[in-house]
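These are the structures, in structure tokens.
Both of the next two complexes hold chain A, though its partner changes from chain B to chain C.
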Partner chain A sequence: MHTFYNFVSGPLAWVAFILFFGGSIYRIASMLKLVAEKERFIFSYMSWRYSLRSILHWIIPFATVNWRRQPVLTVVTFTFHLCLLATPIFLLSHVVLWDEAFNVSWWTLPDAVADVMTIIVILGAVYFLVRRVTQPEVKFVTSASDFVILTIVAAPFITGFLAYHQWLSYPLMMCLHVLAGDILLAAMPFTRLSHMLFSPFTRAYMGSEFGKVRHARDW
Partner chain B sequence: MKTVTRIALSLAIGIVLAITSAWSQDDMTIVDNAAFDNPQRTPSVFVHDAHNEAAGIDDCAECHHVYEDGKRLEDESSEDQSCSECHDLKGSGGQPSLIKAFHTSCKGCHQAQKKGPIMCGECHIK
Partner chain C sequence: MAEPSKKEATKVVDEGIDVGISRLTEEKIQSVINSVIDEETGARLKTYVETCVHCGLCSEACHYYLSHDNDPHYSPVGKVKQTIWEMVKKKGRVTPEFIRQAAIIAQTECNLCKRCAQYCPFGIDIAYLMSVVRRIIHRLGVTPLYIQDTAHSHSVTMNQMWVKGDEWPDTLQWQEEEAQAEIPDLRIPLEKEGADIMYSVIAPEPKFQAQLIYQAAVIMHVAGVDWTMPASMGWDNSDMAMFTGDNELMGRLKRTHFETAARLKVKKIVMGECGHAFRSVYDMGNRWLGWAMPPFTIVHAIEFYHDIIKEGRIKIARKYKPPITLHDPCNVVRGGGLHEKARFVAHAICENVIEMHPNREHNYCCGAGGGVINTGPPFKMTRITGNRVKAEQLFGAKTKGAEVLVAPCHNCHSGLHDIVHHYEIGLDIKFFGDIIYEVMEKPA
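What follows is the complex of A and B.
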């Protein structure tokens, strides 16, 4: 089990991080290249002001009509995404490993708080799963890959939660946790999880088109 | 309370106290984490004598080292001191923090020897 742990937390983690950062740069660069080749005219109305105005409204809970129309979804999605990003970055045991490996460290969450945030992520994933299955308008745009993606996102948190509490087989759960994290990192640029990279661009485009072409709000 | 009960009770308490104090002196079973204000994990399991017997460690300075100006002093050992006397919670320059000193000392050796626990919960058992 230790050989496997050292593999997933060593060489495989390097591969995962290289795919994550390299893939992210590649995806954004090729998107910009495609725009420059095929839709160059959008630069005639792309605007920092309308872009940032749109991003600002959509990044604040209940600051848009659509957020207000779906209050439950709004609360769930904001807390889910916040916990999803903050927990792994500020988890004490992760920072301890960064410190051991690269001599860098930063502020960490108390374990009890991180535990609650992990539960929020898992419950959020359950909510999105139920929503995909039950809401007709969501079901309509759902394909098999959406369930795979949701599993990829939830897996590091479920295994991390079980490993932290040392329920079931701890060494196995720890190894699966690191493996699940590697898979998530590598998958982000190449699946629809790439909305993490593209959402600011999408929002900027929408904001600019609504602001400068249609002279309307997009929130 | 009857006199017999009184004597029996005080004897029982005395025996328990005697045994437990003897335990705490002879067999170290966990790493003392008193230096941490708000420890986030359980103290690490470490049965000192059994560990060193199994690992074949005779030289105290293997773990209880002494450093001076960034150099390890060959013939000196520090088993009369607490780790936290040198390794503070923050760490500074080349001197690792207490957490890092524990981790690199235990896990570092386990990795090098390819023996012993290396994952968080293998030492910090709930």
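What follows is the complex of A and C.
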């Protein structure tokens, strides 16, 4: 178990981080390269003002018509994404690891808060799962990959939660937790989790087209 | 009642589609799809397909989806799944029957209204994805017959309605004479080089709505506008090629239009109350020709009326009495931001303006746009049953007292006419021009 833990938190973690950062840069760079090669005109329509106007509306809960039409989903998706991003970055035990390895540290969440945020992520994932299998318009466009990416996202939180509370086998859970985290990091640039990377660009482009050419709101 | 999640098999007979399909082989399909995807698309298609998280949040944007009791086959993303996703995923290895369905979906079950772009949290341009499908359908020769015929007319005559070379100036002269019975010194100036404005219309106006040209001439005359109309090809600003995916033809049309304006040395192009033509001249055709924005100032009729009323160039003798409700056409409102100007005009000429809901950028499409009405009789019911929510929306406005529906767009006009008739809503439909002509001060 120790060897395995050392592997997933050592070499494999390096691989995961390299894939995450390298992959993200690669994906964005290749998208921009493709734009430059084949749809250069997109650059001439881009506007900082209208890009930010559009992004701003869509990253604020209830600031768009569709967010207001879907109040439950809006609350769930915003808290889910916020907790999903913030918990791993500001978790005390993660920061301790950074501190031990690289002698860097930053502000951390109280453990009890992080615990609640973890539960929010898990419940959010359950909500998305239920929505996916029960809502006809979502079910119709669901493929196996949707369940896979949801699992990839939920796994580090479920295992982390179990490990923190020392339910089931703690050493096993820790190993699985680190492994799941590695998988999540590595998968982000290369699956549809890459919406994290691309959505600001697609939103900005649509915002620019609506603002600059169409003179209409895109929210 | 049909199961909400089941779509009935579409068995429409359309000669353009059916004959086209009978000529297809799987090899041809594959090579065309891959050629379009590899050579004609780029980062947009790839990023949109890979970024979509299949959340379904675009669904409620679509009038087809809402009108079919939330049948997911009609949701924007559902239509993407049934067309371009499969084509991309299978690298073009799809059957002729699949192409048949894709043609029906892309050409008749989507108006390219872009309302879904306002509902997708990522701003994925689903109308663009449907345009890519239409492009594939065009290159496979499977475009519905009626709209393809319109495109043929464009190709031969540079207008949408097979209006022959001599019929055009003839019609203008006829309308000039008619109008001179009312205002003796009125002219429809043809080929006037250096005029301020070239006024352009869509071919259905000379073909069967010549009174609209009469009305426009009266408005121009009273407002004292220095205007002209071309006697040559290039007078028609319409463009069905844009909606069949025949981009090359769209380019020919717009080049002819812009070059005609350049030949006449006008300062701007004012266009009649048409939505799709505005999209073509202002947004799509110019891009195909390499102009980020059109080479001429493009003034849609709504904006033109707004300006001449605001500047006091025409006076309203007495405001229009019957309560009106205003339909915001997608192409000039979601596509051109003219909603507030339209309201200015409406309030300036009418006593009572009743808003329908939703409105402005969030208005529901008429169901005729995007070339859907131009696919003709085989698909008439597709767009009428596919837009029950429009009927409900109009009925809502009627309940609040509206008697007249103002639709400043030709396609909207015709599409709404069918909806009002089919659902027995009982609203008169008018253009702004109809009302302005009626209520403005004219020389005695």
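By our rule, the second predicted complex is superposed on the first by the 219 of 219 C-alpha atoms of A that agree within 3 Å, B and C clash if a C-alpha of one lies under 4 Å from a C-alpha of the other, contacts with A are read in each partner's own complex, and residues count from 1 in each chain.
Rule of thumb we're sticking to: a residue touches a chain if its C-beta (ideal position, glycine included) is under 8 Å from a C-beta of that chain, and two chains touch if they have at least 3 such contacts.
Here the structure is a predicted model, which is why all the values come from computation and not from measurement.
K.L.:
Check whether A:His195 is in contact with chain B, with chain C, with both or with neither, and answer first, second, both or neither.
P.N.:
It touches chain C, and chain B stays clear.
K.L.:
Answer with first, second, both or neither: which of chain B and chain C does A:Phe41 touch in the superposed model?
P.N.:
In the superposition, A:Phe41 contacts chain C only.
K.L.:
Could you figure out whether chain B or chain C reaches more residues of chain A?
P.N.:
Of chain B and chain C, the partner in contact with more residues of chain A is C.
K.L.:
For A:Arg214, using the defined touch cut-off, is the partner it touches chain B, chain C, both, or neither? Pick first, second, both or neither.
P.N.:
In the superposition, A:Arg214 contacts chain C only.
K.L.:
Considering only touches as defined above, state whether A:Asp115 meets chain B (first), chain C (second), both or neither.
P.N.:
neither
K.L.:
Show me the residue ranges of chain A that touch chain B in the complex, using the header's touch definition.
P.N.:
2, 5-6, 92-93, 96, 99-100, 110-111, 163-166, 170-171, 174
K.L.:
Quick one: in the complex, what on chain C touches chain A?
P.N.:
4-5, 41-44, 46-48, 50-57, 59-61, 65, 70-73, 75, 77-78, 80-81, 117-119, 121-125, 283, 287, 292-293, 333-339, 361-362
K.L.:
With touch defined as at the start, can you tell me which chain A residues reach chain C in the complex?
P.N.:
For chain A paired with chain C, touching residues are 31-32, 34-35, 37-39, 41-42, 44-45, 54, 58, 64-66, 69-70, 73, 135-143, 146, 192, 194-195, 198-199, 201-207, 209-210, 213-219.
K.L.:
In their shared complex, at which residues does chain B touch chain A?
P.N.:
Contacts found on chain B: 38, 40-41, 99-100, 103-104, 107, 111, 114, 118-122, 125-126.
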